[in-house]
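You will see chain A twice below: alongside chain B first, and alongside chain C after that.
Right after this comes the complex of A and B.
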């Protein structure tokens, strides 16, 4: 399957929910420590991957999300705290939403209420946004350190989760004034979280303690699974849209792993095609088993689960 | 202004400007990149840069990122697209740097200077080294770099991001190590790692502390709702709050001991490591670092990590095959250069098996158990999937989506309806919060009395309570003191002691509530103000804590004059700390002032200073067990678990029935991965107070981590006899 190289360091990759051959990659210069960013749009073609459109940003692009309502709408979270909405069809910046006072690190489009999305920032807050509005609807302030990740519940349009460096994962309902659940999920900073797409009570978290934990929010005193296998901090976890128990993860140990969290031997596959920290992983909603990953090795790979990403 | 702009045609362009292939190529020794503005001729560009970077220098610098070294962005882009590129390192931002490495490995003798070229290139390469220094857990070597011309904004950006990111990719290292790494980077770039830097997150305990207290507060707040099963259930099972809950008494106990100097010595060693700078590292230290680096490298089994050219470079350097001479890297004895390859292979081969074995050994063995358990639970729960979400939504707001769609269907799209939607939301929030009066922090401030109290009707419950407290029967003391304040609600002393007893009994919410009542009864009681300051610090409620600590100084007969008259609208931490530092200068022998300073520095997460303050106070009050506990908790917070254990031991020597300190010891051991050891301490704490729900939870975790599954049943059935027999201290 194809590989695509770019001059910056890869931070995030997302499959389009509308076009099965399209994906977006957020990249940053100098590992995202200083410099510019570039939001790439890539198309899979028989001859390999091509980039029909790219958007340059004045600061690192840390994360991106496709709109769930418009196939040409793409959002980027960038290092200066701004959220940028791009029109892929006209290759233009539609809106620049600049409210976060620190790095915007994560963005997630609401899959059920398709006109809204969330951003998470190193200013310790999350913000709820809606299409067509120039200001955020709400700011969620509770975390006491950087918020690294935000994820909408796949079934409940008001419910989302956040993962923070304050060692807690929180579950929120936008109708409520405060978070509705605080899970001290790990002993170290929590870098990522994602909901199960089949069971809306199940959520996974990944942290600098190298572990992935799977939780049932109805009884979250203890995780229902602890997935050990990564050797450095877990940067991103993602539940499969096609297989209830499958989780994909990527880590500072440079590998991408696939898990079946309910199985005794949970680690299903370990992909070691990246040569630097692996920061982005995604699974296609439209093509079952299609995986994509990106890394600081300046490449994005797309491959079918069970095959070697490097095999062309 | 930026956020309101709609479809400004130039917005996209503005973002792109930084990326344009630069017309001016900056030479290796550009005399002054600051005054140079090659893009100023582009219409409107200057203004936009102004918007982005108030400090124009920054934009200058960033704009040149591509100009130096690369032919421009497009070239770099095309290079990256070339097929048949070697898999790694060829398409770096800094080809010159890595070609240097390649030359060295290929045995090219010509000495190559490393840190030359356009500043942007050097910075890229330097950051590259920093990032990769994690791969073998090696200290990153500071270097003397040419003047970069970084603006303040750039510097802050590098400082903050490298601090935060280093904690992700160096997650397996200690804080001291991480700080040294970051400092080495920052000092090489001449960036001051001052107090404004985004520090590490405070670790587990304060978070848990806040979390438990919040959830406790939430449980009270929401108690009337019958459907709040999960809250109640959760509350019932809540494990321990953090160990550092040190809203304790401040008895006057004086004396001097010799431990403190020893402590300070250790302390200064630790902090000097943290303050390591590029400037004061001698060559010897650099060699030592390189040696350590190579050792760690040898221990890292992953072949991929060992293949990193940077690590090979470092390994070579540590064996003297490469030397740094006048900032140039030179092969010292070229003929030896093949040796490292064999050595690498050897290490590599030796380690493959052990790595696999180790990995197999690390796989969790408990998965079967929980899967079965989970499956059972699933069956029992049946069709309750939606329940938890409904339970969340106790306020029963009309669904915000329905409302939005209603408005959508009315035909209008644009700012109108969505504004309305947001307004509705604000209104709802106001309405729903209005009547219940949003609590300012997590502390509700309402004291909850026990429903049944045998001491009600006791002739002198205060005296009884004091007696029970002295004997360490905290729960009983709380009941007696509750009886006292029920009888005499204006007794400040009764409320104060009740607050202290509650704090020592692991209940800071109740402690704060009692202390607030004590303050109402006697607004100038110094001990009460101090205790409130400490409790709010535990709760991470900075504003409230500062208010009480300032109040303490204000009402103090000796220091009252230090506080300027009038109530400031906003209390700034630095101001309050300033007052107390002034007070400490006035009266260096006043332990209380040092204690408050320690508390203040905990609030600002300056743990080194906090530890120093507590140590000063301990010199004056060496027999204050709660002070030892504070010191221990602070050291635990700054990830010095070994020191914390010493401090807790001191507290226990002074007060052997200090249950919390026993549990804290266990936590500190567990924190260091010494789970076996932690078990005995938890068991000891539990044998003294079997009601310590938290300690049971911690014990269960440690049993699991120490693979003592055979004793889990004893833990679950609360079989203390069996546990004590199995885990004697």
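Right after this comes the complex of A and C.
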């Protein structure tokens, strides 16, 4: 059974970069409006999915990220602005990093440097953290509204992008004091962004205008592709780690879609297994074609692209 | 692309190799860090806006910034608006420089400084100031208008009163003089001519008395006039006061109207889809602490009119009423043990599929190297690690890999069958609505295919590189050396481990003692050097090696 049900509402799912059968799910009580959170760790077994470890948080957990340097280290972004680092092997909370003054909404671990990560928050800032440090290294303060998402460039260890509710997507370089590019990507709030793993100048953004736009930062005045098909806001986009043109996205229209942005007819697949807003989607780096998604319907599904998520 | 890569990076102080094609494969993972450095220097130019400043955009921005209503808005909103319109940072700064507005200039210098800590606070303080500024001049101007009138009134009244008093005083004085002097005279005459007829005195008396009476009457009348005049003055003062109050009330109404107009301008410019977000913006400005629903942005209150479930609406209603939904526990999520170490990693970071772009492996290669790595997977008990490396273009058309029972049990690896015919059904029924790519080769280009078509770059096989020779024997020794560094757990060693390839990895699992247990201290672990900055050689972590050691 590639489905796992849990008592809270799912916000984010991430595959482990070390263990191909492990994933983390960030969940929140009461739709994340108010209440506790729970950070789950799931394992895929031939009999289905099991949860060997779960961590309770006092506020909602909005996002999680696996460390790229240690398979036991897991980070959660929670609703009181704190970022919690968990040791999965010993089931304990290692560090509580509390600097954001509002909800921490997104975490991204640097896949190249492996020792640092970014957090994006509703307090309009992003913060750069490093393993071993109790304080943030840098704070990036330029957006004029909530920052929803941060994404490291997969080939340039110091470059990252941020998506914000002020309708701009910014490209930053940690060596520069300010953002290096401002892309007014959408007319509405931009909820997510992700870099192409095989073309380091291509980035995709998803927004509340139901569209996904794919940009080349070298000529960012116009997108190179606009992917329409979602009926409501696009909550998350993810470029495939195995295929240059493939994008997975999830949306408030309760579907998970797969796209090939270079093709004429870009929509490749639409999975409608969820019965509530789909908030998290991830593609495994270790197992090609493996997708996971989670939703407010209190479930997480793991399936191979091209198969039915609800099939046993 | 060639021109872009050859364009010099803006502010690129590092004398790297310009013109490096950023789309070039980065080569082996071991050199990834070094190549990354050079790529960064050349690639840095890619992530920077290298367009020249567009004068027409700057002019539009100046027109926008010169608008009186815009000048009442906070600087942050003005910048945000211009950024949304596609202006670059240079164009925005230039426009701010050219618009002659002293308050906004002062705020602009605040905004333009790097590492803008407290920009929010400054923005917030800038926010109430412009309205106050605009209020004050208006108030001053209106104040000065009635006061001259008032003082004019006052002065005229005072002058009138003074004049009247003087006149009446003079009159009375004169009259009294006229009355007293004759009286004196008559009295003297009376005294002198006392022995004269008393009838003359009697005859003389009524006249001064009459005159005195008349003078007194006149004085009284003058006093009464003065009193009336002063009363009138008081009246006028009251009326003036009333007028002034009415005036201020009108002013306040005007100010309120201006405020709402300003807000609507900002909101219209924001072109927000969801009116709920407008409230969130305004409430966010004033930092309402009354809970998430009021200030939650589009990610909690989904914009675009996505319908919410009844459960969601119930929770929202409950919270907005101020009630707490049931089931919320008090959870202590403090760190229980501040010095608890992170469990040692037994796995080595694997190279990412996209970092291996230089290789296109044939499909039949199984990854022998991965089998040597210990995988803590409960499913694959024997550690057999099936390679999904046969990721060629035709892979998805291969039959299910069901050669062994293990493969069948690993359902997450089972590829879809070829030629499934599912209909694309937009209705959310119980049907499986999956559109599958046509497996025919010819249709690959035009049809949607999540596998790249033949013309595209070849499918990358997820194959770790073959073990390179041990390039740095000293690093191999370093790994074997006991490390008592911080809780980072020698991630720098991981990198060098992986860069050295398999030769060292085999020792990995058994070297828990070698790597040492790590601590995550609450104190500042690093000696001040950041692990992330420095050069782009990727060796940042190695700088953190000298840490305090602790007895195990």
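Quick note on the criterion: the second predicted complex is superposed on the first by the 311 of 312 C-alpha atoms of A that agree within 3 Å, B and C clash if a C-alpha of one lies under 4 Å from a C-alpha of the other, contacts with A are read in each partner's own complex, and residues count from 1 in each chain.
Criterion: contacts are C-beta pairs under 8 Å (C-beta built on N, C-alpha and C of every residue); 3 or more make two chains touch, one makes a residue touch a chain.
As the structure is a prediction and not an experimental result, all values here were calculated from the model.
Asks: Following superposition onto chain A, is the placement of chain B relative to chain C best described as a clash or a fit?
Replies: Pair status: clash.
Asks: Is it chain B or chain C that touches the larger share of residues in chain A?
Replies: Residues of chain A touched, chain B against chain C: more for C.
Asks: Could you say whether A:298 touches chain B, chain C, both of them, or neither, answering first, second, both or neither?
Replies: Only chain B; A:298 stays clear of chain C.
Asks: Now for A:5: first (chain B), second (chain C), both, or neither, which partner does it touch?
Replies: After superposing on A, A:5 lies in contact with chain B but is clear of chain C.
Asks: Given the touch rule stated above, what does A:265 touch, chain B (first), chain C (second), both, or neither?
Replies: Both partners, chain B and chain C.
Asks: Please work out whether A:286 is in contact with chain B alone, chain C alone, both, or neither, and reply first, second, both or neither.
Replies: It touches chain C, and chain B stays clear.
Asks: Now for A:224: first (chain B), second (chain C), both, or neither, which partner does it touch?
Replies: So A:224 only meets chain B here.
Asks: Based on the superposed arrangement, let me know which partner A:307 touches: chain B (first), chain C (second), both, or neither?
Replies: It touches chain C, and chain B stays clear.
Asks: Is A:165 touching anything from chain B or chain C once the two structures are fitted on A? First, second, both or neither.
Replies: A:165 sits against chain B and chain C alike.
Asks: Quick one: which of 26-34, 134-142 or 440-448 on chain C sits on top of chain B after the fit?
Replies: Stretch 134-142 of chain C has C-alpha atoms clashing with chain B.
Asks: Share the list of chain A residues that count as touching for chain B in one structure and for chain C in the other.
Replies: Shared contact residues on chain A: 29-36, 56-58, 79, 84, 92-96, 103, 113, 115, 122, 130, 132-135, 137, 144-146, 153, 156-159, 165-168, 173-178, 180, 182, 184, 187-189, 191, 199-201, 208-210, 217-218, 221, 232-233, 235, 252-254, 262-266, 272, 277, 296.
Asks: Contact residues on chain A for chain B in the complex?
Replies: For chain A paired with chain B, touching residues are 5-7, 29-36, 38, 55-58, 79-80, 82, 84, 91-99, 102-103, 113, 115, 122, 130, 132-135, 137-138, 144-146, 153, 156-159, 165-168, 173-178, 180, 182, 184, 187-189, 191, 199-201, 208-210, 216-219, 221-222, 224-226, 228-229, 231-233, 235, 252-254, 262-266, 272, 275, 277, 296-298.
Asks: In the complex, go through chain B and note every residue touching chain A.
Replies: These residues of chain B touch chain A: 2-7, 11-12, 14-19, 52, 62, 65, 73, 76-77, 79-82, 85, 87-88, 91, 93, 123-124, 127-128, 131, 134, 154, 157-158, 160-162, 164-165, 167-169, 171-172, 198, 201-204, 207-208, 210-211, 214-215, 218, 230, 234, 237, 239, 302, 304, 359, 362-364, 367-368, 370-371, 374, 377, 381, 384-385, 387-389, 392-395, 397, 399-401, 404, 413-415, 418-419, 421-422, 425, 428-429, 432-433, 438, 540.
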